[in-house]
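I've put the structures underneath this note.
Okay, so chain A shows up in both of these, paired with chain B first and chain C after.
Our next item is the complex of A and B:
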């Protein structure tokens, strides 16, 4: 059976992981706000769904463990068990254990290793303590919250008519029967084949099966109903209790809607059927109206998302990239033709292509919040481990960025957080002694800034020891003995590989461990990282990442016959460089921009273009992070959507160029790596120029 | 193919080897159903079935329904644990 449901099982694994993630978040939420009924509900639903689906796949170890967890959660929901720190801790551990079960049992098809089994036993014991405390009170509470939940076994009549698509959707009707057996006893079952068409139209892969089941169970209507959650859409289901006193009414079906307020259960109207009507065949028409509101109810949440393979998305974006180039080429040709209507239509096309591009790129964008929320648990665990009281504050969780970036930024962020907790934030005593509140704070923040996203990790700890870093850097020859680098530069030294294995420098050790790896990972994402620290006040690490890796809005500039692309997000303004200004600024190397000092880069010289500069030159003012400069170019050619083609390995060492692109005309244009260019100038400035300029560039 | 078919006198010997599931149901049906009616009797050996699901069950039920119509008498000569369990689950006797 597991082979049969292989694909569905993969989906189960993915979804179970998500459920556990949600469960963990809700648990943490519950920890900070013990009265949060929504959180309890969410935790219960997560466990319940996992149990239900695991049962469907016959994953017994998962079902049995989750059942205990669910039982405790049910008591929590009823109010017969109170939220306390111990319960949260054991539930968190249980959710970890469930994740392990899913990884081992469902994903690898293996059995748990002995240590894990021992852990399970331990967890079960703790959980059982929560199961037993008030046996008298519990059923009462259950009844109060759920009028349908019966205290004793009763008889149910279940009518199942599977739809033709059930097999093709990877479901096996028999597995539902098997799972049903775990809830109670099938007293009698009739397999119905009357839906099977004649041999000519019969199809081996369409399902025509139906079952009438008499089922004896202590489970409530909701629980029985949930057995069929996975086939609800393809299936007609009726579940009625048949040993109730006959209601004094003439109609056979008495609809009871009590359970409709619980979103996860009771999707099919509960009816009570008179015994003599039990055998009467139910017409589909009678069932459908009952089914309709149910499906939409359950799908409201799931329906908003479609699972798409990331590869397909990449393929689409790649194609859209080519489309952008092609459409740029077409509009260029149209412009040469002097045909107004042609130009008009190509411009409409370009407009649409641009919208498609935006849409396609947005598909890949996901909010960073999910990654951030994962850290709540990390902060909780690490702070307990270290005996420090640390609060994690998250802001800007809705900030979106490319999925690939989100995936790859998790580890570096985790590293930085651990460092901040381990070495940044002091112990409670040290904090009190320093006149700070005992509780340490970590702040994770994300925001968009000039075409990139900035992730900030701020702690209110002791800050970095500037002198120790400098001393150590000089020791290691990273800084020349006589040099006096700025604080900023000193702090950023901890990202140097030489610092990664800081030995025996107590108040520094660890802070540098693996920081070069963090930096390397971020650099691979075309991002930058820098660090700011105030002694005694705390440290802020800022990671700056590009929003997407594939396409940028470019600004085309010409130098002689060559074309360069500047990422548009970094362009602040363009100004004309008059001849007088030109001579003057050429000598000084900077321009007076409304009273501000703007260092200039002559791209013509920078890239060694030959031939005379054009008479009228232009300055493109670019900004990246805190750096600002003017790039001097010959011509301004306008905006252009640019698909980044990475440079070959051969050009890997090239500085100042981040990639190439193909223009509509077929010509190649190089994309300027503005951050690299600006850093280059900043370094040169710091070394050779006069203090005021240094001030201006560093700001 | 998992369907072994041979004729002895007036009896067709049918043996299914391996899975009787959604993965094999369509193939098996294509081989099996047309042969109903070719012989007055069909002896069905289900002892080599390793796995059976709803689609397999349905095929079996289909054969059971169609055989008399075509004039073939079905006879089960053996059934494996997988088959017995499935039939018991659905309260069926084939």
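Our next item is the complex of A and C:
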């Protein structure tokens, strides 16, 4: 029978990678807490599962290597091997190697490269030291009982006497007989009812039957015997070849059966296996019942999951986006019709659509923890490489964000972490000299903050060298000679293109990892990055990312005939700008907001809208990170579910606009890039940067 | 009416392979990822056969079998344990708990089908 297992093999590859990831996490856990039995159980289970599944697909290289690893893990589990640094190291390397083997399978048949083979030999050798003195041979072939093939059909006499327990064991005697028929033909069958008790003592759940079968088959004794494997324990079975096809079919049958103790010459009893098996079967009953029942997996994996192709989800979210637009259109029409019941029903629909939207977006949200955990290994390896003792502390792992964001944030985070370890955290000696604990700490944290998610990478190293950065920036003309930027602005200069590649500018540079690349990657995700540093205390890099890339809650504002969308999460309040105030604040460029200076951006001017401003203007107070400003607009139009459509490449140079959306009326509204607008204000205020304000023109 | 088989294994690929094999022979297949999940899925539903792995998170196969045997509706449901060669003791433990049938991993789909058809017909 050929069954196509290609698809299942794909599942295996995905699953094996996950298992290895889990194995690595548990290994690191075990390293920090060598007595953690749960971790050992989880590691063993991972290797065990991979081996078992690989066998199903006949992936011999994986099976044989994993077998050795599993063997060592088994010894670890039952306590005959102790956890030590060397063992953890070799197991981590083994898990790397297993991943490599799996990648070979994923790449369809490509052979393992010679260096990898050499590595495997080396690993096996090290692993062997942890193995049993008499190493277990490689797993035997699945079934070795096939050499016989007596093609000729023979007649067999089978006497079966099922034990009273068979029904209770879930066995149906009839199904065995049916299965027997797949091997040959039952020529005659007699039911033996002599064990049936009288009606009073008769138990409906017990089996009292026996069968006497005459069976013609080409199968050998072993094959027929195998049919009854599952019932052998509580049944009496005799399988005898009748070479002389003379059926002595009468009373003698039962008698023969009862006389089975007799060493009957013609009979080959199959019961020879029984004594061992029976005694062996009883032993586990005395064994203490399962010492560690199901170790909980650390994270809550209790819920049932459905694996869905990401493309399908994207498609769904796109459709929901269209649905949102369509339902906004319907609501608009309903309002024009002045039909109450129609309006009511469209508003119900809008409500539901919004819920569907939320639900659909939530489908894409995954916790950041998995990405964070991946770094444990990186931190461990890099710190060993550098000869530094560094501890990684993770918090906020359950914070969820969009899958796409999670996937793309891994590399920038990795750069930042490596930089922090390489250049941020000092050597143990330097740390001790500075009066700090010898062990360095890295802290990865994630949390939600006003509509965005913040990822923090903090180290307790030496911090940035402010003067050197400033010096370098002035040299490169990034800072006007007389300007006195704030510390934070100076630190953020290292994200400027080409800045960090200069030799030894800061203790965060080097390795050819441009911080500008990190910044660019984050900007592509509509996020921002900034940095804070205390000399001698450490550095914190903060990455702010939008929760989702597809849809935002928007706040609609009007300027003249145009409509703009401000992300609602960033809107703090709206205030009316009276005419008198307006003149005054227009000259000053800021507004007195309850005693606070609020810089204003006149969007009408910013986007070069023609025509007179309306008499009554409004200020929308927006906040992003630590920056706050007022956007002056003509009309406030209310909330709006905004499906983000990217702007074409043509508009790539536009600053202050992050995308567009389609309103229910079919008109296009531009989405304001509030962070960019706010940064522009900050820059013009300080006037130390040279690039002039680029003004976008929109008609 | 196709007979339904509950396949309990924490490995999705094992479930898939068993599922493909059994479906090709005309059985209905219900999947569960561990003992706990499986008990939830049983919940009164008619299941003609259970195939369960031994080593699983949350609830292992042996505990699961013991739990199933406590349920009146599944008293007579045959159970196949998936064991490996290195787990002879687990196999015996499973038998003591009430899972009298077993299939040794790694198995060919045909081997699984043979074991299943000894116990029930499609």
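Keep this in mind: the second predicted complex is superposed on the first by the 499 of 699 C-alpha atoms of A that agree within 3 Å, B and C clash if a C-alpha of one lies under 4 Å from a C-alpha of the other, contacts with A are read in each partner's own complex, and residues count from 1 in each chain.
As a convention for this text, a contact is a pair of C-beta atoms (placed from the backbone, for glycine too) under 8 Å apart; a residue touches a chain by one contact, two chains touch by 3 or more.
No experiment lies behind these values; they were computed from the predicted model shown.
Chemist: Pick one for A:202: touches chain B only (first), chain C only (second), both, or neither.
Modeler: first
Chemist: Just checking: does A:167 make contact with chain B only, chain C only, both, or neither of them? Give me first, second, both or neither.
Modeler: Both chain B and chain C are touched by A:167.
Chemist: Just checking: does A:484 make contact with chain B only, chain C only, both, or neither of them? Give me first, second, both or neither.
Modeler: neither
Chemist: Taking the superposition on A as described, I'd like to know which of chain B and chain C A:178 touches: first, second, both or neither.
Modeler: Touch status of A:178: both partners.
Chemist: Who contacts more of chain A, chain B or chain C?
Modeler: Residues of chain A touched, chain B against chain C: more for C.
Chemist: Which partner does A:227 reach: the first (chain B), the second (chain C), both, or neither?
Modeler: After superposition on chain A, A:227 lies in contact with chain C alone.
Chemist: If you lay the two complexes on top of each other, which residues of chain A touch chain B in one and chain C in the other?
Modeler: 1, 3-4, 167, 172, 175, 178
Chemist: In their shared complex, at which residues does chain B touch chain A?
Modeler: Residues of chain B touching chain A: 21-23, 25-26, 28-30, 33, 51, 53-55, 57-59, 61-62, 65-66, 86, 89-92.
Chemist: Could you list, by residue number, the parts of chain C that touch chain A in their complex?
Modeler: Of all residues in chain C, those touching chain A are 10-14, 16-17, 20-21, 24, 33-37, 53, 55-60, 62-63, 75-79, 82, 84-86, 89, 92-93, 95-96, 98, 100-102, 104-111, 113-115, 117-121.
Chemist: Write out the stretch or stretches of chain A touching chain C in their complex.
Modeler: 1, 3-5, 7-9, 11-12, 14-16, 42, 44-45, 48-49, 51-58, 63, 70-71, 74, 136, 139-140, 142-143, 167-172, 175-176, 178-179, 182, 227, 229-231, 233, 280-285, 287, 290, 293-297, 301-302, 304, 307
Chemist: Hey, which residues of chain A end up touching chain B in the complex?
Modeler: Its residues touching chain B are 1, 3-4, 162, 166-167, 172-175, 177-178, 188-191, 193, 196, 199, 202-205, 207-209, 211.
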